[in-house]
Amino acid sequence: MDGANGADGEAFPDKFENLTRVGPGTPMGNLFRRFWLPALLASELTECDGTPVRIRILCEDLVAFRDTEGRIGIVSAYCPHKMAPLFFGRNEDCGLRCVYHGWKFDVEGKCVDIPNITPPDTYEELKEKASIKGYPAREAGGMIWVYMGPKEHTPELPGMEWLDVPSEQLHVARWLHRSNWLQAAEGEIDTSHISFLHSELDPPSDGASPTTPAPGKTPEMTGLKLARDGAPVITLHDTDYGFVYGSRRDLDDAYYWRISQWMLPMWSAIPPPIDDFVGNGRAWVPIDDSHTMAFCYRYRTDRPFKQSEVDMLDSGMLFPPRTERRPYVLPHGYKIDAYVPTASFENDYFIDREHQKTKNFTGIWGVNEQDRSLQEAMPNMPGHPPGIVDRSTEFLVKSDLPTMSARRILTRLCKQLEQGQEPTKALESTQYGVRAISMISDIEEFDDFLKEYGQMGFAEVPSGTDSET
Amino acid sequence: MDGANGADGEAFPDKFENLTRVGPGTPMGNLFRRFWLPALLASELTECDGTPVRIRILCEDLVAFRDTEGRIGIVSAYCPHKMAPLFFGRNEDCGLRCVYHGWKFDVEGKCVDIPNITPPDTYEELKEKASIKGYPAREAGGMIWVYMGPKEHTPELPGMEWLDVPSEQLHVARWLHRSNWLQAAEGEIDTSHISFLHSELDPPSDGASPTTPAPGKTPEMTGLKLARDGAPVITLHDTDYGFVYGSRRDLDDAYYWRISQWMLPMWSAIPPPIDDFVGNGRAWVPIDDSHTMAFCYRYRTDRPFKQSEVDMLDSGMLFPPRTERRPYVLPHGYKIDAYVPTASFENDYFIDREHQKTKNFTGIWGVNEQDRSLQEAMPNMPGHPPGIVDRSTEFLVKSDLPTMSARRILTRLCKQLEQGQEPTKALESTQYGVRAISMISDIEEFDDFLKEYGQMGFAEVPSGTDSET
Amino acid sequence: MDGANGADGEAFPDKFENLTRVGPGTPMGNLFRRFWLPALLASELTECDGTPVRIRILCEDLVAFRDTEGRIGIVSAYCPHKMAPLFFGRNEDCGLRCVYHGWKFDVEGKCVDIPNITPPDTYEELKEKASIKGYPAREAGGMIWVYMGPKEHTPELPGMEWLDVPSEQLHVARWLHRSNWLQAAEGEIDTSHISFLHSELDPPSDGASPTTPAPGKTPEMTGLKLARDGAPVITLHDTDYGFVYGSRRDLDDAYYWRISQWMLPMWSAIPPPIDDFVGNGRAWVPIDDSHTMAFCYRYRTDRPFKQSEVDMLDSGMLFPPRTERRPYVLPHGYKIDAYVPTASFENDYFIDREHQKTKNFTGIWGVNEQDRSLQEAMPNMPGHPPGIVDRSTEFLVKSDLPTMSARRILTRLCKQLEQGQEPTKALESTQYGVRAISMISDIEEFDDFLKEYGQMGFAEVPSGTDSET
């Protein structure tokens, strides 16, 4: 396996195009279109008849708006008449009216007014023909979700626990990740990297550069203190929703276990602290082949977040990173409303080489900023849209089992879908009610661990120490 | 016709490439090269031996300069020797001298000095061979015009009325329009859009968002008060210079008529106020396939403009928009001297959503800014240079008769030119002395209107109310 | 010859692609890879375990670092595991450690640690396979050099005199030149342009624009006073290292001779003042097909530079230009650490048209800024990477003999290399110990000049006047 792209005796495609490209008609684009996807934050679209929000998902330019009755529309970004951008439109009287000639569309994309002509006898058919794409939208868990697939296959929302907690127990955010979705998502199911990329250094006693990951200083990152073993033993089981895997790290007198779920098509659940359950995870929604809209959630089931906890999250130290909400122009010319990270490729993520020698492994401050510094600066695959890492010479090892498994599962589902087989099992809502956990235990085998602490659902939550991968 | 790209029973090409692409050798590029085109403002090139001006027209990089004797040169942007940019050249002693090796070119592009060699016996032939493209240039109507076509087909300047009025009765300007020329020009022959895009709102009486266009507040835009009927009846007649069309809007007890001309290859004459003749119109000169140099003129025949009128024009409320004169780098690498609009795609044209709810239809301030907000943000046609709108799904209706007619006429002229038939009739100068008008009348039919008020020339100008489409 | 791309009866290839493209596997890329090339300044990499420097040479993304023992590594920019950028890595304990998963590479690119796996039995082979490209690096003459060719063909460093002078007698610098390397290098072997581009004007006596090059005002540019004859007689001899050529300019009562060397693959030695030997020259190292890293050296053999001399060099008046050291993002996405010139294409190199009329030929201040103003703004060759001048219509004359000869020699060496013939003779180190000179003399023929003042090596240095081409 080491140094090859294959795993478990099953061959991977030697091209990653099928997994990275997400436009209409692509294999992975088709698979994504079977799932409800986060599209924007509910907090961005609270006002009836308010300003539309420009988004792009799976290479489709869209606008989201909330109409007079509070309904949410996620529709094509352009009026079909002369292709004027609907963002500048008037959101009024239960529809978005193009300002060029006054054509109007409801939340479903149905054309409801063509005021620059005398209505012909065929006016109703004409409006029907002039309708634009409108995708079903739902609000849940502080996010607005969209389903962009065939109507007849519309699933339920995934039954994730945090979709039902009170809002004061939930914190959600989104931000722009400037790479293809796959290399971002792969960083999420990569437990070994937290022992390096996100580690803090021991106070250097002798002035020499410490090379060993060391305990973190922030209360929220105490899990990293336990993750000093950088070569965890990883065991992985496929599930219908994706997979669950356990990583076992040596402590002096026990094991530090982290159990995580990767959920289709691109969710990652992140283990909480060992002694205080705080659920959290991320979703990686492709904007296009070169950009990703990252979403994070964090929730408690027992009590509201304290202000100090919210402040910590808003500081950008973990997830989300520090951001500024502002428009961002994509290479093909559409401008989206984005949360653009402050620490960026342009400013080298504010790397501080002195801190890298004395404080933490990278010299970069925030955990997500550490991730992005690498994932956004990988070499581009020649001949493809920028932002897709050139994997032609990548060198995978045992610790990449989750990455290889995700590729394998996605490849299988894409192939099945091309052959007409819908991912029906993956779409069953209830199985998404899983929790990642972490624990100190002397159990040696993942299967024994599963037997002891519950099946993959982990209905009962053991204790744990909070951390972020 | 509705929802199709055809009109009048004649088929259009299903690709618009022939009409949008303008480089040397393209059908539309060839057609444009039969006409005199505005190239820059006369006010930019007043000084003999002054700074050259960088322009690009029809995908050709050019510099314009005024020589020691006051002659105007519009020549290739590069010295043929080693391709050094002539913009940095020395404009001196009746020629532009490249600063690399001192080669010198006159206003016709003729090489007149090669000082870095000992003149050989063949010096005169050598200089002849080293000459660069130089296009005939003329100054008229406050603009500098260029003719880029075959010498033997050089026409007269179009006989537009404003080319002969005293300078204090004329106001001209130019600015950068960041889209293909065709979608810009099409917005000019689209009378129905003024009832929407450029309309002001009634003062909202009850706090609700008004959806009906309403009277304007500015003196210059009173024509829009009359254009509340958004579904005008349009009648169009082909002419040798292009077409003339009348649009009839219902008033309570009469009709509001607007008569406009579209003149080859891309001029639009705009109706003046109903009771005060102020001629005005625009030209859309392609820079390349992605950018357009827009020119506007405005003139009176009776008196100089008052300072308040000039101030209003310079404010950017109508045409031209607010601009800053500065260099602008085009994607292929040539830098042009442009009037770059202040309200732009980057700043969402300063849209004010509160104003959109209470003041005018768009929330955008200037009339041209309203146009550009839509035309510069249309979706690009994949696989083509950016800035060309993707028309593959456009949905034309009756009100688009002028747009469809312009495409039809241009397509015909392009085809004829490809078959060797010059657009001789279109180039007859005298027919361009037409005026657009507007009028309140109870005449119902355009042909009756034409009989009553003159043939297409409209030598006698009826009263009208000023407006801008 | 005039007006053609051929010279001396020998045909040139009608495409310049072979000489301009430098990526791996291209003919010119292969030839460049036979020579030691300057990669960065030694002053940028003084600190052991300091910050890596991002460079790109011949289309390869690289990082340079100095390890704990002071050794220099120039290695691939990406970790082979998941392609994370090594720039963010930890430079510690004799290697550069990727911060993603802690993989570590020594100065030769050898992988020496894979800490995120339990070492397998095959650990040594695994690390061997996980090694990255590492190129031999040397420090000499204030520069760090790299050899990117086949190990078995590694030559000695070129035996240039300045590589051995004490550091206080040497001044070196580098900067970003934003064009293909060839048009930059060609400007260096073009003696006639100094009579124009770099000339100063006579004080205008009558207010008219002077058109004749005139004496310079700065002490360092007095050579230009002598170079008023813009049509020098040029004689050129091929050598194994490239060529030597003499240019003879008429003075009233004698000749002004400038003897220069062009040394493979892209060095130019520049004549010193006639009465004070100061060696100087430049190298043009391709970053990619669109960008060049220019290096300049200047040295004395007799004494340290005075502070006033260093100040003059640091002022940017000659070489290097004024620069700011900062990251620069290349079009393909890699960010390099560059010395970015302050006077640039964006600001028209601070051209001052009043100065152009009264002070110097260009109105641009610095000598290199004058060069770049032309070379960076030449028209791009369609269908190729930007920055490569379109030579399809260039019009060469007698004064371009050195340019034509360099193309001819490079073409020959590229062809020979493709046929398996290494440029062995060109790589002999000792022949690079040549000096350019300038002199006032009544000798008429270059061959007589060579007989009188030494063979091509010019071991004894006659007097001369300093100048910069």
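Order of writing sets the chain letters: A, B and C. Residues in each chain are counted from 1.
Just so it is clear, a residue touches a chain if its C-beta (ideal position, glycine included) is under 8 Å from a C-beta of that chain, and two chains touch if they have at least 3 such contacts.
Treat the numbers as computed from the prediction; the structure is a model and nothing was measured.
Novice: Rounding to the nearest 5 degrees, give the angle of the rotation that lays the CA atoms of chain A over those of chain C.
Specialist: Roughly 120 degrees of rotation.
Novice: Report same or different for the chain A and chain B interface, where same means the shared residue numbers exceed half of all residue numbers found there.
Specialist: Since fewer than half of the residue numbers are used by both chains, the interface counts as different.
Novice: Suppose each chain is reduced to the average of its Cα coordinates; what separation in Å results between chain A and chain B?
Specialist: One centre to the other, that is 47 Å.
Novice: Spell out, as numbers or ranges, the residues of chain B touching 2 or more other chains.
Specialist: Chain B, residues with two or more chain partners: not present.
Novice: Residue numbers of chain A touching chain B in their complex, please.
Specialist: Result: residues 49-51, 61, 77-78, 80-85, 87-88, 90, 92-93, 97, 99-102, 114-118, 120, 122, 126, 129-130, 327, 329, 332-335 of chain A touch chain B.
Novice: Can you check the complex and tell me which residues of chain B touch chain A?
Specialist: 2-3, 183, 186, 192-193, 195-197, 209, 211, 230-231, 233, 345-346, 348-349, 351, 353, 356-357, 361-362, 364, 370, 373-375, 377-380, 386, 389-391, 393-400
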